[in-house]
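Questions regarding the structure given below will be posed in turn.
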Amino acid sequence: MPHESLEAENLHLWRGEQHVLNGVGFALPRGTCLHVAGANGSGKTTLLRTVCGLLYAESGRVLWDGQDVQADLAAFHSRLIYIGHEPPLKPDLSALENLSYWVGVRRRVGRALLGAALERVGAIACADRPVRTLSAGQKRRVALAALSLLAAPLWLLDEPTTNLDSEGQGLVGTLIEEQLARGGLVLAATHQELPVARERLRRLELAA
Amino acid sequence: MSSHAATIAAAGHIAPGTAGAADAGRLVLLRDLKLAFRRPGQLIQPLAFFAIVTTLFPLAVSPELSRLRAVAPGVLWVAALLASLLALESLFRDDAYDGTLEQYALSGQPLTWLVFAKTATHWLLTGLPLALLAPLAALSLGAPPQSLGAIVICVGVGTVALSLIGSVGAALTLGIRRSGVLLALLTLPLSLPVLIFGARATELAMRGESFVAPLELLGALAVLGVTLAPLAAAAGVRISLE
Amino acid sequence: MSQFLDMGGYALYVWPAYAITFAVVALNVFWARRLLERARAAARRRLGVGGGEGA
Amino acid sequence: MNWRWFHRLGSPPYVYALARRLTPWFGWLSGLSMLAGLYGALLVAPADYQQGEGFRIIYVHAPTAWMSLMVYTTMAAAAAVGLIWRMKVAHAVAASCAPVGASFTFAALATGSLYGAPMWGTWWQWDPRLTSELILLFLYLGYMGLRGSIDDPQRADRASAVLAVVGVVNVPIIHYSVTWWNSLHQAPTVMRFGKPAMPGSMLAPLLIMLLAFTLFFAALLLVRLRAEILNRERTASWIPEVLKS
């Protein structure tokens, strides 16, 4: 990961009559985390989805390594992982199965590695249980396991700490810190505080 | 639990390699198959529907096999078309709902290919079983036994095209509430050529004549569908995520 | 004149065909104008612009 | 990528003004040529030696059938441009086409049925052209249904654009399959619409009518386009200006 950086310039986006993103911009050098804050409905999720290219800004652009990401979206996507507020898990599959398919679409991973990742996030006990029987917090932890397995330089996390107990929130902090220490970038949208060291943290407040 | 601990110890730190598009497509297919077999009841529904619709005709038209034989190809194809349509609504719906489609769109893998894998699952789970069930229905409608093999082939090829056409409709109607009727309105007119060639091939097969020409046309539709439909369906999926 | 209206016995078919076609033409003119008027009215409301009535 | 802001910001007011300026021209030209066509169709053209005066229906049937296909093609072309270049005005054009096309497809079906009735002795025949026309009507209805069911205007534009492009690829296939099917089930020809070489006095009104309807479509499109542009441009500063007059 040489000099990865993420910038957004003057993003504008409307949803129907609503001007959701009104000239949002930021610059994020490697090894830093951007805390996107703001009240409900202030466009946190919209910003994350726009940055990763799911939504198309009517004006403005997103730059990865100084390159407009629209030029090669697939290449940009292979560098990022996005986790929305509901982890994409199938109720009928076990946590381990879910993880193996989710991660497997992008990387070849053995069962051992999957187990190790689940162990790491404290969800190994749920490995073989159908996700339907897991609590919201346990599902979150399974999603965190995917995060560590995918090894992408850019993380986009929507409300990563919801439904987690204080130990789980600490785990999110640790994972983010590790990612930053590797030189990775994190964009986290949450209205809670992020348990991350101040010097690596930047804050973007979205107005409602 | 202890087995996990053992495998973790053995694994060490192997750097995970990037999965190719073929791996990704295979995984999507396997995952959908596994999910479907976790709920076998839903797999049987389109087949039961097909069986019921073909049973309605003898009751509505006439129990005389000679009269049923005349309408049998049409009945078979209309029933197959509707049964395939019935299973389409859920093709992308669950994956859209829980964010799996989002992950596919952001996986860096070609979405067209992943959508194609999902469509292939739809065919394996409805088209293929319908093709295997069609001879039974045909027999009950007075088809001669020697035509049954041909009917399996025709329905098998035709449902490939139906699944592909349907995948476009299913992708475009994602995120619309009560999309079932709209899905039918979009898909059925586009499926008309499949119906025409399929029914003709079945009719010829039942008469013991050569059905190669309409079967080739069905095959051409399937090939055209394979090349174009996943592109449109992937575009539809992307739009639904906007 | 009545010979013209009779259309050689085809009056029952010819005149309805013309009537339907030009009814569709007229309806299209009406719909298009109404659409534009409504769009202008909506834009006025939205942007708070006064101005002349009608299109 | 300067083309993007060019299309996004530059185009709509320009297109709006252009549409406004061109509408009366197309409107009057189409009105005049329609009158001229009607005169030719009803008074100048001789009766057909086989179909007698009933033949005059072709002067409204052919133009409406022509409209149904031309409008669909225009819609699909605009949709493709909108999809590829993310051009708002192109989506507005596509949105303007569908109701016009659907209404003329309906007219083509009705006049086709009236044209066929005296020759066939029945109001409906599964004639390949009429059947294709009916399927085309379903395609229009599906398009409008999809557009109407999606709340977000941009998503509605893009999803219906994909459908229009898929539809236009399918129209020739559907027409071919219907013709093929028809050739199996029916004596080859009950009647053909305007096939043999027509004398000039018969052909000229037909060509004038085709031109008149094409111009009429252009005029309608320009009016509808203005409405669609107004509905799509939410914050544009040029709108108050054009609303004043």
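First chain written, first letter: the chains are A, B, C and D, and each begins at residue 1.
Just so it is clear, a contact is a pair of C-beta atoms (placed from the backbone, for glycine too) under 8 Å apart; a residue touches a chain by one contact, two chains touch by 3 or more.
Just so you know, these numbers come straight off a predicted model, no measurement behind them.
Compared on C-beta pairs in contact, A-B and B-D come out with A-B as the pair having more. When every chain is reduced to the mean of its CA atoms, the largest separation from chain A belongs to C.
Averaging Cα coordinates per chain places chain A and chain C 55 Å apart.
Put simply, the C-alpha centre of chain A and that of chain B have 34 angstrom between them. Taking each chain's centre as the mean of its C-alpha atoms, chain B lies 34 Å from chain D.
Annotation: 16 Å between the Cα-based centres of chain C and chain D.
Shared contact sites, meaning residues of chain A that touch two or more other chains, fall at 17, 56. Of all residues in chain C, those that touch two or more other chains are 46.
Residue positions of chain D with contacts to 2 or more other chains are 152, 234.
The full set of touching chain pairs reads A-B, A-D, B-D, C-D. Chain contact summary for the complex, chain A toward chain B: residues 52-56, 74-75, 77-82, 84, 86-90, 92-93, 97, 101-102, 104-113, 115-116, 118-119, 124-125, 127, 149, 151. Listing the residues of chain D that touch chain B in their complex gives 83, 135, 138-139, 141-142, 145-146, 149-150, 152, 154-155, 158-159, 162-163, 165-167, 169-170, 173-174, 176-178, 180-181, 184.
Those residues of chain B that touch chain D in the shared complex are 168, 172-173, 175-176, 179, 182, 185-186, 188-190, 192-193, 196-197, 200, 217, 221, 224, 228, 232, 235-236, 239-240, 242. Only residues 34, 42, 47, 52-54, 56-57, 60-61, 63-64, 99-100, 103-104, 106-107, 110-111, 114-115, 117-118, 216, 220, 223-224, 226-228, 230-231, 234, 239-240, 243-245 of chain D touch chain C when the two sit together in their complex. Chain A meets chain D in the complex at residues 14-17, 19, 56, 58-59, 68, 70.
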